[in-house]
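Input: a single structure, listed below in structure tokens.
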Amino acid sequence: MKVKRPQLTFLKKLFLVDLIKGLFLTFSYQRPSLNYTEQYPKVRPKIAERFRGAPRLNNDPENGETLCIACNLCALACPEHCIEVGWERDSAGKKVLTTYIFDISRCMFCGLCEDACPTPCLELTQDFELSMYGRRDMKWDRQKLEEGNQPVVYTR
Amino acid sequence: MEFAIDYVLIPFIKILVVFLVVSGVVAYLTLAERKVAAFIQVRLGPMRVGPYGLLQPIADGLKLMLKEDIVPSQADKWIFTLAPIITLIPAFIVLAVIPFGPTINILGRPVSLYITDLNIGVLYVLSISSVGILGIILGGWASNSKYPLLGALRSAAQMVSYEVALGFSIMGVLMLAGSLSLVKIVEAQKDAGYWYVFQQPVAFLLFFVCALAETNRAPFDLPEAESELVAGFHTEYSGFRFSLFFLAEYAGMIVASCMAVTLFWGGWLRPFPNVETFLGIPLHFLDLIPPVLWFAAKVVVFLYTYLWFRWTWPRYRYDQLMKVGWQWLLPIAMANVIVTAILVLVLKG
Amino acid sequence: MGPQHPSTHGVLQVKLKLDGERVIDARCVIGYLHRGVEKLAEAQTYAQYVPTLDRMDYIAAVSNCLGYCEAVEKLLGVTAPPRAQYIRVIMTELNRISSHLLWLGTHAIDLGAVTVFLYCFREREEILKIFENYCGARLTTHMFRIGGTQYEIYEGFQDQVRTFIKGFPQKVDEYETLLTENRIWIGRTRGVGVISGKDAIDLGVTGPSLRGSGVQWDLRKAKPYAVYADFEFDIPVGGVGDTYDRYMVRLEEMRQSTRIVAQAVEKIPAGPLMAKMSKIIKPPVGDVYHSIEAPKGELGYYIVSDGSTQAYRTRVRPPSFVNLQALRKMVAGHMVADVVAIIGTLDIVLGEIDR
């Protein structure tokens, strides 16, 4: 289909119709009720449920033990190789998780680790406020991953 | 003693009042620009400093004053400092002739609500505004850098071109009023019984468009448009000197609005200035509002229109800008003068 | 016009040869954003590489994903199930609207109309909310997987998309009110950056820049992929080949995309989301070239496989890189202020050009 190429008629040009139409449109927006801004730190934003934010290792709600089975699939799936899983075998020969290091400074929050995990253990939460003071703070160990990021709450 | 009060004390107080009020308006005009722009663009504008951002101009002023004073190494230091002052002072000096209201009685003494009534008021305004262009050229030259120089030259050429059409558009009003004094023009509108915009609509539109170009505002703001020359003639300026340029632009806007109101929209007159009734409705209730407030309301409407135009339309390219000024506005202004002259001759004998 | 300039849409350096105010020649210097995206493909497996590609054309990341997933599926010989294909088409068309909205906003703000930028971003925000609800990210979405899609549509998806589509054509009309008949806009864009259809084809220009010059070529109709053959839509084509025509073409494309989404969202079939294939992707030895109609032009992927889990060579044919060649022909004879308009109308994104 051919796109339009409107030609302004002489009368429209004389009476500045095109310019005035634009003016009316912008004038009609002059009310605060049409405002689209969220005043961020005061008003918390609405985050989707599936948002891929900071990672978290979930524990079993009944006995508080970790759900991780140390299968290492998340580390293999990660494109940036930012997960390091450490395990040892217990008396029955089953794998038990010892250390888990997740480097969020290299993470691109793609969600492949979450997809790869066979248990509901590794989960990308809705936490996006991840500023830290140093690179060291961005290598999260198992304890930080289980507790989640606890930022300092400012009241003002 | 009478001499001292009439010719020294009262003018001094008037100058002080006008200066303080206009400085305050200029400062809050910067906030109004941001808020109006925000509302048009479905957002909120400054909200953090003070309730609803009302203390923002104070924060801006403090910031600009406390900034580091940078002068480019190859720049001409004295002219670099002088240029913004040369741009700012004419904008404030012009306010000396603008009539804010009629002569009223304060404490038993007749006080005229304008600083002075120069009998060549219009000529004074036009010539002093032209001095402002010098400041821009000096600013661009003294910066010793290619972008400011180009921006200054373009800005100066644009302002000079639109001055001509501006002068022509005022001539119709002068013919109708018969005087160059701004106070007499307002009183002539009162005698005629209606504002001159109803007799000279084309001249008013021309005047406003030329005023937009004079103050370097959209759609004629290519010389300072960011997308092309970074910031035009004030690229190298920062801190207090930049704030002087910035204030000069807004003061120029206010002066242009005041002139438009005085020349075309009846100054401090109410609608239907000398008329008792309109279609049988008595109009005395309009007298309840003091004339200064009528003047202020009209100026506010014009300032809003300045902001409205900036945030609605795109900007002209430089050659199109010059074409509009010379090929369109000047012939229309000249034709307006001729038609007005003929009609004045025919209708007034 | 150096790499740090408010209007070069990224880090692009254009060396202009001027005669007073007229441009005689223009040479582009690129590479400021080179990140070695193609080299990374040699170290990552096929599935791991998909999120890296989002960072290429970061404005319209869904198209990158779609092109690569379809290319690998072609190499493997699998087809995604119909439900996944429909979801892919809906998301890709929303992505096209979002990319054109950003283009319109930045183009308008380069030429001085600031308000259009904010209005376009308000609409884009709605689309990004849909993306966030669906896959969890707004910009670098990583929506599709090789063989289908990972995410099931969420509850309220169809209602949210329908609400968006109902309100969107009026918004496009608002942009038209502000720009299309505006004499300042017409003065800035008509006759600026003209390129004939023949020159465009010779230079390899694709996408709306090609269609603005009168050539009717759209990969969605010429070589249909995904399920585009099931939908009814038109291809807008310009007449003269100047900036104004390209602006009208993209505006009309937004309306046609709305049409496609409106048709697709009504008849999403039931079924599985992923095709039946092995977990480890090891395509047979061979190579494949597959291209799709990204919002900016023809986005192509050439993948050479040597039988292992990592590709031997992945080459991306970015549309902006090839379109940028037309800049030299388009700016000749214009003024410096027009260069800004012409760079804007080509709709380039440096992430794609430099990779």
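Think of it as A, B and C in the order they're written, each chain with its own count starting at 1.
Simple rule for what comes next: contacts are C-beta pairs under 8 Å (C-beta built on N, C-alpha and C of every residue); 3 or more make two chains touch, one makes a residue touch a chain.
What you are looking at is a predicted structure, and each value in this text was computed from that prediction instead of being measured.
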item: Pair sharing more residue contacts (C-beta pairs) when A-C is set against A-B; value: A-C
item: Centrality ranking, top chain (CA atoms only); value: C
item: Centroid spacing, where centroids are CA-atom means, of subunit B and subunit C in whole angstrom; value: 46
item: Chain centre separation (subunit A, subunit C; CA means) in Å; value: 24
item: Length of the line joining the C-alpha centres of subunit A and subunit B, rounded to whole Å; value: 50
item: Of all residues in subunit A, the ones touching two or more other chains; value: 19, 22, 25-26, 36
item: Residues of subunit B touching at least two other chains; value: 40-43, 311-313
item: In subunit C, residues with contacts to at least two other chains; value: 115, 122, 178-179, 182, 184
item: Subunit B-touching residues of subunit A, taken from the complex the two chains share; value: 19, 22-23, 25-27, 29-32, 34-37, 39
item: Subunit A - residues contacting subunit C, complex; value: 1-6, 8, 12-13, 18-19, 21-22, 25-26, 36, 47-52, 77-79, 108-112, 115, 124
item: Residues on subunit B engaged by subunit C in the complex (per definition of touch); value: 37, 40-43, 218-219, 221-222, 225-228, 230, 311-320
item: Subunit A-touching residues of subunit C, taken from the complex the two chains share; value: 44, 47-49, 51-52, 115, 122, 125, 129, 132-137, 140, 142, 150-151, 154, 174, 177-184, 186, 234-240, 244-245, 248-249, 252
item: Residues on subunit B engaged by subunit A in the complex (per definition of touch); value: 36, 39-44, 47, 308-309, 311-313
